[in-house]
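Two complexes are shown next, each including chain A; its partner changes from chain B in the first to chain C in the second.
Entry: the complex of A and B
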């Protein structure tokens, strides 16, 4: 049953655990238990925009699936607007919208408006109001004028916008968005952020997963970083950045840097972390250090003969904090989660 | 982007009105959304061209190899082609939720599952009837099929019930396909089994005993017999029991299909066995 009162969280996860049974081998099948989510707890206040960040396979989607009633937790509990996601499924489903990213999940053979009409029926939107509601949503997501075209001809961005419109049809109180900006062009992604922000301004609660740090930083009131099935940090974007506030990030553009050279940087006592981003012709080394920009010369000397381009020292961003968190918590956790137990 | 206006009024999902709308309107929409053959380039060769050739092929073969009239084979096959539409259509109407990736969005709604499921039958029953009526038309024009005027209503009822039961086994196949990859191939097996075991071209009593047993538990068998007898002038009093048995077989398959659908949904929540993402 739903709890009452102003203090009821919109979303409440209490020590959520979800394991999957799988197997390896063909002839000699060995059963395995994979722990996708390993004791996650958090609360989201009504009207809050809460971000769930983490690498692929961290357990974000599994967490969302449990919260939207598609998966049962192996243990633990979760409530949405006070309703238990295991037992009060209809009540939860009436109150939530689910928007997921990607190309799939739409009826491609019919028009965008028919997709919305069908889900308007499934969500029980009053027939006399469907037309107005759908028109307003099409306007909101920028699909007005394209609604009668078959979805199979939609671009990825248009599909994504249709996903969003579908998730909002019944005016849900809580909206779950699983990587909604995936595949959107920059303009579309910016419009999506505006839409999400306008939903929160209108009093909706949003739980958002994303890979884009700037998106999380710009939008989310609070962020939980999840890695290998556990929350490794929880707080506002500023809180997370504070964890590495004393650090400086030295960005070094290199051309053909070797693994040995990167390893030399990692072994340096003043270097906290090194991450590498591959570009077309170059590699960007992101070196975290607590010694400020003074360390730059030493870093360059450690790179030896490596051809170096631009070098920039800057303040840490949320992405740096995220990379730091994942790097420092990831390896052992991931190993433990991947094959928690072989039966 | 603009801000949304007032929120919509909603019908409570546990009301009869909500269930009716999901059944009636949702069911109608499912035809275009999920039936792969609902475009002329596929529909015409598959559900008009195929049945046409099937009808003439078995009429020619049957009358060449036996002393039965072409009309006998025309009637059997005119009813059987409805199975093609019903079995494949309904299989797609359920299984394609998985292939299109729409299953999670569907299962995350509060919609009444019985209404969602039952609504899917409706367009495929109508489709099966249309295909069958077309084939009957061919039989009447080219193959000497004659229906006793007084029995047309009974024959139509028997046909309707037969199409329903074929659609029901399609629903079961669809539910199986939610779990098993390539389950659509099962629809081929079902339509071929109907052709072989159910008295389409060979009367049931002329088949070996074990085939008669199989035929009796498959949909179609009693329905086609009812249509044949009605075409020969039998009234409802003579064939009513056949129609009744056909209806029971269809209901049994429909209940089994829905039970499997619900079971799979529950199993998916518990064991993550369905592709719900």
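Entry: the complex of A and C
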């Protein structure tokens, strides 16, 4: 069943579906089905850095957990390096590493190097290899010199780097990272991106999830935008941008804009989306239109007597593309996740 | 995996688990401090009752030590699963390329061996503070009794752990199993003094026979052959039950997403 070679994708997801059975209500518990992933298909080539980008609750973690054999798909299939994630679990597990964001998943009461030694054993690293391998990984993630300290004293960033070292112990061919930069400060996040890049440079295949569009754009060869359990766009950052390239974004700074005024903009035939960002004193309206910059005057008149500050017309960025995709495909729960967005 | 690697893995996990337990105040208390307190109380009770015979003190000290062993087994095998789930390490262990049953064997052995250190501590306490004599009527059988007790409690611990993998709220059940088992397995008072309908339950539980095997070798009137044999028989039965349950439990965990707290 297994196969390897240039033609085999590193990761293959075929119409993956996953539901969860839960309960609602505290006193009268009623069973409830959550459709976390609703039919996801994609392929990742060997050596590719592939991003799953989507808001909280989109189904990113669930997708990853199916790919790393932790969860069974409700339907559909997936293969990693040609091995089926449902049946060939050991073969898959030997070839993958995974890193979950956040500070869980470590033994706090012992040192970093003890954590690594323990998992090296569980991951079947040859005893004669372990010492060299652990030293190299400590070096890679920049923990050399701190490895003998107890993990409970580690900072968030150090924990995250220890996680990465753990995930790489058995030199896996495919690496899954679930929101690896969550909770990191900007410097830590940048270092993390460099580490991820160096993995790909070393020939690894990486699938990472993130809800930061800029992170996906900066790192990934291709991005699948996932929303409410479905892939709503797939391509390079440039491809996604192209989808709305002919649009113009007009940024209008307002002071105390009313809902009715925003509603008037939204209903205009030439406006395809309105997104609002709250600032301290003002609001920034991001208006997407297919009519070019000359729509600006009309927009201003639609705003009526709203006090207006700076107005800028510009080319769309990937962020605009992302906002557009999520807003036009979102189901209610996904929409609620992005607070101040008006479509 | 070669047999050599398997042994190495189990040894590694055992040793790691002992270190984790040593670093935990909860287990220091459960394994070392609590039995000392029980033993001290019991020593004073017996003393005020006039019974200061060395054999009675030894009976009490071994019982108190075994209470610590049971608590450590219960929380170090079952409770540990709940903690791992909370820490986020359970998924990592279950999903490692190594077979999870070997990891569980190592964890269980770690907890039980750690628990038996508690017996040593209790004995030392008895000797130092109460002048308890250290003597054994069958010194050559004692190591076998200890081995039998460790193996049977370990197997039972593994069975407990498998059920804890399955149920997210198994810890509540675990807490319920501490004191009643002390009582019905004869750690506090002889099983013979308990109501007749308790006896069959006692016979199915490893601590009953483990305790009898150890007490038999130290203060018994006859070699504890039956108790030692029962330890090994129960160990095999528990182990088979644990392995069968584990196959089912791991399949269910992948289906129902029970390994993490989301």
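By definition in this document, the second predicted complex is superposed on the first by the 309 of 343 C-alpha atoms of A that agree within 3 Å, B and C clash if a C-alpha of one lies under 4 Å from a C-alpha of the other, contacts with A are read in each partner's own complex, and residues count from 1 in each chain.
We adopt the following convention: contacts are C-beta pairs under 8 Å (C-beta built on N, C-alpha and C of every residue); 3 or more make two chains touch, one makes a residue touch a chain.
Quick caveat: nothing in here was measured; it's all calculated off a predicted structure.
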| item | value |
| --- | --- |
| Room on chain A for both chain B and chain C (clash or fit) | clash |
| Partner chain in contact with A:324 - chain B first, chain C second, else both or neither | neither |
| Most chain A residues touched (candidates chain B, chain C) | B |
| First, second, both or neither for A:130, with chain B first and chain C second | first |
| Touching partner for A:159 - first (chain B), second (chain C), both, neither | neither |
| Partner chain in contact with A:230 - chain B first, chain C second, else both or neither | neither |
| Contacts of A:141 with chain B and chain C, given as first, second, both or neither | first |
| Partner chain(s) touched by A:168 [first = chain B, second = chain C, both, neither] | first |
| Which superposed partner A:195 touches (first chain B, second chain C, both, neither) | first |
| Doubly contacted chain A residues - partners chain C and chain B | 20-21, 65, 68-72, 90, 93-94, 100, 102, 104-110, 114, 118-119, 121-124, 127, 166, 170 |
| Partner chain B, residues of chain A touching it in the complex | 20-21, 61, 65, 68-72, 89-90, 93-94, 96, 98, 100, 102, 104-110, 114-115, 117-119, 121-127, 129-130, 132-133, 136-137, 139-142, 166, 168-171, 191, 194-195, 198, 202 |
| Residues of chain A defined as touching chain C within the complex | 20-21, 65, 68-72, 90, 93-94, 100, 102, 104-110, 114, 118-119, 121-124, 127, 166, 170 |
| Touching residues on chain C, where the partner in the complex is chain A | 1, 5, 8-9, 12-13, 16, 19-20, 23-24, 87-89, 91-98, 103, 254-257, 259 |
| Chain B residues touching chain A - in the complex, by the definition given at the top | 1-5, 7-14, 18, 21-22, 25-26, 29-30, 32-34, 36, 38-39, 100-102, 104-111, 116, 268-272, 276-277 |
